[in-house]
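What follows are several structures.
One chain, chain A, links the two complexes that follow: it is found with chain B in the first and with chain C in the second.
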Partner chain A sequence: MKKITNILIDQKLIIIILILVIALSFEDKNFFTIKSLASIIEHAVIIGIMAAGMTVLLISGSFDLSVGSVMAFTGIITIILQKPLGLFFSVLAGLLIGTSVGAINGLLVVKGRINAFIATLGTMVIFKGFGLALTGSSPIKSTIPAFKVIGQGEFFGIEISLFYLIIIYIVVWYLLKYTKFGRNNYAIGGNLQSARLSGINVNIYTFFYFVFCAFTAALSGIILSSRVSTGNAIFGDITNMTVIAAAVLGGTSLFGGKGGVIGTIQGVIILSLIERAMTVFNVDTNYQLLVRGLIILFVVVTDAVTSGRKKLDIGREVINKKV
Partner chain B sequence: MKKALIVILIAVFALALIGGVSCKKEAAEETTAAAETAAAAGVKIGYSMPFIEDSPYCFPFSEALKKAATSRGWEIILTDAKGDINTQVNQVEDLAGQDLDGLLVMPVDAAGIVSVIEKVHSEYPDLPILVSNTMTDPAEIDALKGFAGPNSYLEGKQMGAEYVKYVEEKGFDVINYCHLTGTAGYGAAIDRENGFNDAVKEAGAEAKFNLLDLQPGDWSPDKGQTITENWLTAFGDELQMIYAHNDGMGIGVVNALKAANLEPGKIVTNGCDGQTQAVQLVKDGWMLFTIFQSPMSDGELSMSVMEKLLKGETVEYFTYLETPTVDASNAEEYLPKAIEIWGAEY
Partner chain C sequence: MSDIDATARSMNIKKGFIKFFFSQAMLLIMIILFIIMSLVSDKFFTLNNIYNLFRQVAILGVMACGMTIVIIGKGIDLSAAAIMGLAAVANVMLQQYGYAVSVIVAIAVGVVCGFINGYFIAKVRANFIIVTLATQILFTATALIISEARNLTSRPQPIYSFIGSANVFGFPVIIIFLIITMIITGILLQKTIAGRRLYAVGFNDKAALVSGINTSNVIMGSYVINGLICGIAAVVLTSRISRVRVGQTAPYLFDVITIVVLGGTALTGGIGSIYRTAIGLVIFGIINNSMAILTVPYEYQQLIKGIILILAVLYDEFNRRKRLLYQ
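Let's look at the complex of A and B:
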């Protein structure tokens, strides 16, 4: 009996996914088709890729509010550079410029000793501002038709963008589990002081976690701007909260030291299933926010209760220290 | 003990969800039963909204859609993209997979929505798709059956023409004005800016309009008020006119003018939408005019065009909503209409 309850609790995300899937299959007779199932994950690609980067950063105890702005900004830059540089180099330049915002974030936090919340809030506003300035506040359209392939291209009826998601998750999972990049991440997020005392170069690692997070945002920006063939500075306005919600829903702690991408992908899929369920069940739009909130709260509360008092106390200690 | 509690929680959650499903089914059966008595049984419409609660216009608009659907005996699925293009693209795809008879979209982004409309059209060639309220960019695409809604560019022109008329009537050689735009990057803001400028240009009155400053007021009364207060400090008596993109910001402008103890009409401003407060301000002489754009008529218009499409009638690609100008001469007449739509307070 005890064993069963333990399994239920450990795999609560899977159970919620199953419940949602069963509920959806009752109502939607086309649900169990490859197209419909694939589209649930296809819809999660953009948020999902950024959530992987965010997970890495959250584990180290930092976070990044600027992902939405970086995403929108990268799309704009890539489309602007299409004319002078051509398709391949414009995408490359877009990735590079978007990623470099992570370097700015990293430097502000590591060298400037600015709180991650404030530093990334600043870059969030600045890069939305750059985006607005570059486009003159109106959307700009992609001129190269082949650019669409990145986000809209299909391979045996499945969108290519799905494969980027899979690759990113495999890479991040491997990095977190088997490399110093990952192991030191948990050490830094778990206890900054002892990580520093044990000889980990905390600054360098934290810097690269910011860079990586911005890289995932830049990649998402290219996929999004390709999907809609447009760049617009307002595209990322609510993205950061969705991304952080997906990671936290997947069990990654906002206080660092705990989490992983296997949880995150489940969180991302749950958010995508909830979206689908809202449409399939035709939930009145007046109640949608309430339903979303309840589901997220349910997961987070069970997580807080099951992780036990001991860990919560550690959490408090860390907060106190940071303050 | 605690773990047992969790299991119970999960079980309750699951039961609630499954219960919700079955309730929903019963409810759906009831509505279809009701619908069957109506002429058009089993018609299912999807409408993808850019936002609902976040916009004073979209909320009554969505209510109007529901009303228009029920009166025809249709089932309607509304989705809310919360201003996010990625969410809207996903929702449009989800909607298209729900065995719809017709799909309507109000784009978050005029250019960004085009590729998903084309994609859905290629997958469901028989599904009629209509763009509503906000035009796509380019405005005419093969995948669409048409557009129904107000023309915000023409509204901009209409407002520009009103100001040109005002300047000529007053005999100003030059008028110093500030320009309060909607949220940067949104279609209606771009259209109302370009429409205004083009109207001034076409009237050959460019030399008469001297732009002091342009600021985005994000459609909000608070921002409109703060920006106007700054302008009053910066430009003082020089400022003669403030062109605002909607009623909300226009109301903010008037609040700032009132707070500065100015007479009505000393600095002229305007609204656009025809909210009760704005019509009242036009009547009281604080606003030169507002444009009457009823979300109720707007929602009903889209649904009536969709009805024609479903009956197999041919419709013009563009169906525009009439947006009359409300000025001092007819404000009295429009006030009860505005109260009916927005309520007395809004």
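Let's look at the complex of A and C:
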């Protein structure tokens, strides 16, 4: 009996997914078609890719609020560079410039020793400002039709972007499980001081986690702008919260040292299903916003109750024991 | 012997000078900015423009007082602008039942919102950044739902618009209001037991806990007061402008944080004061006003503000290291 409850608790995300799927299939008659199921995941690709990068960063105990801005900014810069550089090099340059924002974040946090939150809040506003300045506050159109293939192209009836998602998740899963890059990440997030004392170069690793997170944001930005053939600075205003919520819903702790991408993809799918459910059940947009806020609050409170308390209470327990 | 004394004395003078320089650098920057702007534009240094400068940032200044309190307690409130938006909507929608009702409800809304933040942060001990971001979304959504996403019209009768746009002996009431808020919060922080406890908790919460301070109540209190101040700011806002839209207050948040950080209140908690925030407010006001005089486009204004925030935070970190060095 205990075994069953343990399984239920361990796999609670799968159960939530099943409940949502069942609820949706009653309302939406076309739900169980390949097309419809694929579209749910396709919808989640952009959030999903960023959530993988965010998971890596969250495990190390920091986080990045600038992902939404980086995403929008990369899309804009890619489209602007299409004319002078051509398709291939514009995409490459977009990825590079987007990723370099992560380098700025990393430097500010590691070398400038600024709180990750305030540094990324700053870059978030700066790059949103850049995006607005470059586009003159209005959306810009892509002129090369082939650009659409990156995000909208199909392969056996499934969008190519889905494969990016799968590749990213396999790569991150492998990195976290079998390489120094990943194992040291858990050490840093678990206890920064002991990681440093045991000889891990904390600064270099943290720097690269920021770079990686921005890379995923840049990739999502290119996919998004390719899908809609438009670059717009106001894309991704609330994206950073959705991405963090997906990762934390998947069991990655905001306190660092815990989590993984297998949970994250479940979190992404749950959020995507909830979005779909709100559309299917015709929820008013204002109430949709309310639901999103409640989900984030719920997720962060559960995280605090399950994993945060333990970490924070270590000091308190020591005090109580002495008294 | 005397040689060593002389060296020691000169070291002391140097130390003292450096200490003074780093503690008052923002004041110097403020004066320099002021002089530069007076030279650049003859429109800047006129009584009218100085009043204008403060009118533009008065509401931000009121909010910055609350934000200073929260940041000294090693927190931050990213929902401040959303609380203000919700309180403003509540205020405008209830104006038909009389201003007394609407003002009281607006302030009560602020307190309740602050209480929600404080509960999740201090009692449940969830991450304050994510909690306030989530409540930001919640409060905005609530405001959208109750206002049905319409533009609302505030009807400031003369008696109500007194705070926002009247003058007393040629001096704008809104500036008097700002100064009073600053004095009250300043006294609260510097002269009361609760205020001193807040500094202790922000500086080192474990030490504060061991010395018998109920840390979670202190933190909770800081968020409630911030909510209260946001409610008051909403009242000032609605008395000043006649059209209220929900998303309108969102850009205030970033400006408020910039003001507090610019003054030198440390995001690491325990360091800061209303006096510093006042200096940050004046610097921000000068920059804001001069960008308007020099007609910088809106997008670039945002960009410049973002860069200023980053520079202010970098400076703060640099300052902290220097302080440690010369202590």
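The rule is short, and it goes like this: the second predicted complex is superposed on the first by the 283 of 323 C-alpha atoms of A that agree within 3 Å, B and C clash if a C-alpha of one lies under 4 Å from a C-alpha of the other, contacts with A are read in each partner's own complex, and residues count from 1 in each chain.
By our rule, a residue touches a chain if its C-beta (ideal position, glycine included) is under 8 Å from a C-beta of that chain, and two chains touch if they have at least 3 such contacts.
Note that the coordinates shown come from a computational prediction; the quantities given were computed from them, not determined experimentally.
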First, second, both or neither for A:193, with chain B first and chain C second: neither
Chain B versus chain C as contact partner of A:305, first or second or both or neither: both
Which superposed partner A:15 touches (first chain B, second chain C, both, neither): first
Partner chain in contact with A:137 - chain B first, chain C second, else both or neither: both
Partner chain in contact with A:108 - chain B first, chain C second, else both or neither: second
First, second, both or neither for A:238, with chain B first and chain C second: both
First, second, both or neither for A:118, with chain B first and chain C second: second
Partner chain in contact with A:276 - chain B first, chain C second, else both or neither: first
Contacts on chain A seen with chain B and repeated with chain C across the two complexes: 132, 137, 238, 284, 286, 289, 305
Contact footprint of chain B on chain A as seen in their complex: 2, 5-6, 8-9, 12, 15-16, 19-20, 22-23, 26-28, 30, 36, 39, 43, 46-47, 132, 135, 137-139, 141, 148, 152, 224, 227-230, 232-235, 237-239, 272, 275-276, 278-282, 284-286, 288-289, 298, 302, 305-306
Parts of chain B lying in touch with chain A, wherever the complex brings them together: 2-7, 9-10, 13-14, 17-18, 20-21, 24-25, 46, 49, 52-53, 62, 75, 77-80, 82-87, 89-91, 93-95, 97-99, 109-116, 119, 137, 183-186, 189-190, 216
Touch list for chain C against partner chain A, complex: 76, 120, 124-127, 129-131, 133-138, 140-142, 144-145, 148-149, 206, 209-210, 254, 257, 261, 267-268, 297-300, 302-307, 309-310, 313-314, 317
Residues of chain A defined as touching chain C within the complex: 108, 112-115, 117-119, 121-126, 128-130, 132-133, 136-137, 238, 241, 244, 248, 254-255, 284, 286-287, 289-290, 292-294, 296-297, 300-301, 303-305, 308-309, 312, 315-316, 319
